[in-house]
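Both complexes below contain subunit A, partnered by subunit B and then by subunit C.
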Partner chain A sequence: MIVTRLLLAIPTLLIIITLAFFMIKVAPGGPFDTERALTAQVQANLNKQYKLDQPLIAQYGHYLSGVVRGDFGPSFQYRDQSVSGLIRQGLPPSLLVGGLALVLALMVGLSLGVWAARRPGSSIDRLTMAGASIGLALPSFVIAPMLAIVFGVGLRWLPVAGWGTLSNLVLPVTALAIPYSASIARLIRGGILDTSAEPFVRTARAKNVSAQRLLFRHILPRAMMPVISYLGPAAAGILTGSVVIETIFQIPGIGRYFVQGALNRDFTLVMGVVIVYAALIILFNLIVDLALQRLDPRTRDAAS
Partner chain B sequence: MRFFLCAACLILGLSGCGGPIERPERTDFSSLVRVNGDEVRTLDPHRVSVTYEVGVVSDLFLGLTDLDPKARPVPGLARNWSVSDDGLTWTFLLRDGLQWSDGAAITAEDFVYSYRRLAAPETASGYSSLLSVITNADAILAGKAPVETLGVAAPNASTLVFTLTAPLPVFPEMTAFAAMVPVPRHVIEKHGEKWSRPENIVSNGAYTIQSWQRQAHMVLKKNPRFIDADTVAIETLTYIPISDNMMAVRRFRAGEVDIIPEFPDPMGPILKEQLGEQVHVYTYQGTYYYVFNNERPPFDNRSIRKALSMAIDRKPIVDSIMRSGYRPAYSMVPPATGFYGEAYKPVWASWPMEKRLAEARTLLANAGITVETPINVEMRINTSDTHQRLGLAIAQMWKPLGVNVTLFNTEAAVHFSDMRKGNYTLARAGWIADYNAADNFLFVFQSKNIGLNYPNYNSPAFDALFGKGQRESDIGTRMGYFRQAEAVLIEDSPILPLYYYVSKNLVADDIEGWENNLPNRHRSRWLRFKRPAS
Partner chain C sequence: MSLIARLPRLPLLILGFIVLTCVIGPWLLPAAAGEMNLLNTYAPPSFSSGHILGTDPLGRDVLARLLQAGRVSLAVGLAATLASALIGVTYGAIAGYRGGRTDLAMMRLVDIIYALPFMFFVIVLMVVIGRHMWLIFVAIAAVEWLTMARIVRGQTVSLKQMDFIRAARAMGLTDGAIIRRHILPNLATPVIVFATLSVPQAIMIESFLSFLGLGVQEPMTSWGSMIKQGVADMEFAPWLLFAPSAALAVTLICLSVLGDGLRDQLDKRLSLPT
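Right after this comes the complex of A and B.
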């Protein structure tokens, strides 16, 4: 099962690489079309250095053979750096912020959702769900500067932006986690309410199982299913969402390379980040599917 | 309470709480944090291409000359310099005991090597055009002559002689420019392309690089081998790249950074209120203009171009839209450019607006353009709030004349590539000079300047006058020719100058040694903190 999925990932990645490569190439403008014009001679020299003077299909072949060897080529903007080197520097901060945001979103979302589901229709339930709707509706590029203004400039509790200390992590992780914790809260609440109406829960109740045991042993594993399926797209969303958050909070992650690379037509850099994003998303989806399989008694038994 | 106030301000859309803002008290007097508009892409002086790279490289490297706080050329690695009577031969004498940060000696040969590297086609330097004035540089860059033929020689270890093709009185200012510093041959030969990585780089300026987490912060340390090390006050210098200048302002307010190089234009007045003297707005050597495609109707017609320029009331544009002290422009060369005198002003620029509009209407009507028979024009802008707001204002001003403007915005890469291909009718552009001299503005419109001469302006009269000025070594006569050339240019109206740029720095009020200057160059070596009286 895992092996087949991993093998399937190869053609998926190949399609993504091919599409991305040709899409970037058809975009108008090139890496050396800056406001400060280079002389025609300098342009020609640069194109030759970066093999941009070769036919597109040759460039594609050249690029692909590099990728197979794990070489993402030289960066057009950072002329003394390789794309692999830049990604190696940028990936840890991105994964740290994204991973913490996912954990925070799970913790906050699950607690709120479970709390709200205990008494559906109560004022706590309605308040939590209203809060979740707001959290969902506010895009991160609104939440992030708001947090920075209130906690950084106004109250001076936390740094406005930057990187290097633990306190630098608080605002970006929070801003990134808010919409996802809202989704998770709504999902788990719905899951609990649906599951509570199932016959097996009624049976358990009739058997006088304690409320705590009922919730944790019988209801939650089942109610978690939609949350876990959601984690795949959520992880992907947090990754791409971090492009905005990284720019606002000046986090040295790959999201910023992605934005800058795209704007400056740094072909190799954009390609490199696309490949890393794609690989991560494929990996997350695989993990989620495996987890679902383990949790669901039906598929678990079928697999074993 | 403060929490709610801020939250309230936020909801009302204000950009912070009103009234003066106090930054937290400073405790570390040896460490300065500067913001850069974006991340530096390379530290190789021959590969820099944008202002924020120029700033960092100038803190790391020192050239023959340097710019003092007021941006006047002062001795750098050269003790003194002299020029021959014809203005074509410049001789620089190096100071004694010059060292790279690794202890190796710096000799005149290092300079010769560096200028040859800058000129070499394989270096593909964006600033190689600066060398144009040096004998054979253009031929070398085009691959038509070996680098050894460049007009730079080192008769002995401490003398450097340049041979120019035309006089350039501001040459000592140009030698202070980041691309003109020497680079360490012994390091480049050892590491190749990777010499400029932080772990390999060796420099000779006031600072050396200590650590660099790309996109987060670059930390520089005072270089003990710097020739004037005893005068450098700041021990640790940090550069932080922030492309969102609103965020830079927030970090400045919070006291996290000490100098920021830019703030959003409409914030000028509110920042002045909040930060007082820390707001430094000053004339900058740059001009914002629109380009007419002179080869495409309707703008192949000079009267139409001129009429449209006349019809723009620049005052409300700088006062209400830009709001940060910009000045209306009617010419390419800004006021206060070295030795140039007053900025050129066409006669109509002093007419009252009604008269200008009437004249513009007549000119347009003669070309068949009226409100009843309007024309449609697409204005190309690169994506930015400012360009958008300006474009809309201009469209409003032209509409009553029968010119309907639609805005079309693209990212910068597409914008400039299309302009270079002539694939536009009307487009925004700007030019910031590399050094403070009129020639560095006017050369843009030479007919041979492919790449920068966006309107494809082709005027033999302009070319001839500009060329005469370039060959002249007497400053007065030189400027006379340049002024005549610009008069030809502006009366032909291939472009529509809108305003002169300003530099907009925020500088913490306890920093000394900061002087606003025209090229907006501020070496960190001159800065220090005022210590509180104890």
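Right after this comes the complex of A and C.
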């Protein structure tokens, strides 16, 4: 099971790399199209240096063998840096913000959802769920500037943008976490309500298990399943959202390089970041699948 | 019609108001959206000046721009949804009806594309095909059709085993005719529900692209590109950020509440993804 999963991840990555490579190759306009026309000699030299004069299939082979060794080629825009170097610089801030956002979303979402599910239909429940609907519908590029304007510009509690201190983390992580805490709150509430109707919960209740033990030992392990399987898409979404968040709060992460690269038609940089993002998402989905298998007795039995 | 009557009233009214003002509003306003006045830049909102929502860095009326942008955002959202529905329904119906190896191969492809980081591919697509207005909805449709294809395929598989389809086949109808005349009409309900649910999604993607500067280009504008400009000047001209953010937020919330309402009513057994 694990082996098949791993074996499936490799062709998926390969498809992504191939797709990204050829999509960019068919793009009209090269990275050296500037306002001022370059002389034929300069153009030829540049093409030669970046191996753009070789046949397509040779370029592809060259790129692929580079990626396997962790080398994404030179950046077209930042001439003196390699894409791998840029990604190595940008990855730690991106992972820090994304990881913290996921943890925050889980903590807030789970507590709100469990709290709402205690009395379904009560005003607390309806208020939490209405809040969750709103949090879910709002995109991060609306939430983030609003937080910045209230807590940064208006109240002056936190820095509007920047990087380096702990206070710089608060707004981006919160903005990134809000939609996912809303989703998690909804999922865990639904999970608890569905599970509470199951016969085994009725049995436990009949055996006079304490309310706390009932929730934590009987209901939650089962109700957590949808939340755990949601973590895969959530991680992908947080990575996507981080592109916007890094742009708004000026965090030196790979999301910002990605946007810059896309705007400057820096093909190698865009490809490199897409591949790193894809690898991260695939890896995370793999971990989630394995965790689900370990936790859910039904799939555990099916696997053995 | 009774269906619409049973939907939550408030979001329907608000949404109707937004659509109506965006469509007819620009004709009623004194200032045109593109009209610049470099002597009156960054004017704060005020009733007396006639600029209810203020002016932008080029002295253009924010309200006029907001309505113009709304037209673009709503139009892209609708067009992208229609395009994705067209691709998804065709693909899903063929896969589901054909079954067997065709189905397996077709759905496996969907699975693979599904596992890809969507948004990044849309962005790569925008880099590749350039930033043309009409290409934005092609890019959105290119990723939005997947879920539609899955839903339609699932429905088609169960429809296929029904007696009336077997009867049609026994009468010698061609596959194409069966899909067109008997399968597609029966798919209408799930398709409409899911299409409604994906309109806010499409609007969100368009705004996301425009926000990053990869979507709608000047002098055209959309709510996403207005938010982008608003963020740049938010420290001294917050109204430039408030107006488009509020418009986008209210529209998205209303659409998602309506979508949820529609789904709850039409069929709970469809088990559409949220």
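Heads up, the rule we're going with is that the second predicted complex is superposed on the first by the 287 of 304 C-alpha atoms of A that agree within 3 Å, B and C clash if a C-alpha of one lies under 4 Å from a C-alpha of the other, contacts with A are read in each partner's own complex, and residues count from 1 in each chain.
The working rule: a residue touches a chain if its C-beta (ideal position, glycine included) is under 8 Å from a C-beta of that chain, and two chains touch if they have at least 3 such contacts.
Computed from a predicted model, the values in this text were never measured in an experiment.
Does the subunit A-based superposition show subunit B and subunit C clashing or fitting?
clash
Applying the touch criterion given at the start, work out whether A:106 contacts subunit B, subunit C, both or neither, answering first, second, both or neither.
So A:106 meets neither subunit B nor subunit C here.
Check the residue A:185 against both partner chains and state whether it touches subunit B (first), subunit C (second), both, or neither.
In the superposed model, A:185 contacts neither subunit B nor subunit C.
Applying the touch criterion given at the start, work out whether A:288 contacts subunit B, subunit C, both or neither, answering first, second, both or neither.
So A:288 meets neither subunit B nor subunit C here.
Where does A:41 make contact in the superposed view: on subunit B (first), on subunit C (second), on both, or on neither?
After superposing on A, A:41 lies in contact with subunit B but is clear of subunit C.
Taking the superposition as given, does A:215 touch the first partner, subunit B, the second, subunit C, both, or neither?
In the superposed model, A:215 contacts neither subunit B nor subunit C.
Once the shared chain is lined up, is A:134 touching subunit B (first), subunit C (second), both, or neither of them?
A:134 sits against subunit C, while subunit B stays out of touch.
In the superposed arrangement, which partner chain does A:86 touch: subunit B (first), subunit C (second), both, or neither?
Only subunit B; A:86 stays clear of subunit C.
Using the superposition on chain A described above, determine whether A:252 touches subunit B (first), subunit C (second), both, or neither.
first
What residues on subunit A does subunit C touch that subunit B touches too?
In subunit A, positions 27-29, 145-146, 148-149, 153, 160, 247-248, 263, 265 sit in both the subunit B and subunit C interfaces.
Can you list the subunit A residues touching subunit B in their complex?
My answer: residues 27-31, 33-42, 45-46, 49, 77-81, 86, 89-90, 93, 145-146, 148-150, 152-156, 159-164, 246-248, 250-253, 256-257, 260, 263-265.
Please give the residue numbers of subunit A that touch subunit C in the complex, ascending.
Spelled out, the residues of subunit A in touch with subunit C are 12, 15-16, 19-20, 23-24, 26-29, 133-134, 136-139, 141-142, 145-146, 148-149, 153, 160, 186, 236, 239-240, 243-244, 247-248, 258-259, 262-263, 265, 267, 270-271, 273-274, 277-278, 281-282, 285.
Which of the residues in subunit B come into contact with subunit A in the complex?
It comes out as residues 2-3, 5-7, 10, 16-17, 24, 38-39, 41-42, 44, 47, 49-50, 121-122, 124-126, 128-129, 141-143, 193-197, 213-217, 240-244, 246-247, 250-251, 253-254, 256, 410-418, 420, 430, 450-452.
Inside the complex, what are the residues of subunit C that reach subunit A?
112, 115-121, 123-130, 200, 204, 207-208, 211-214, 224, 227, 230-231, 234-235, 238, 241, 245, 248-249, 252-253, 255-257, 260, 274
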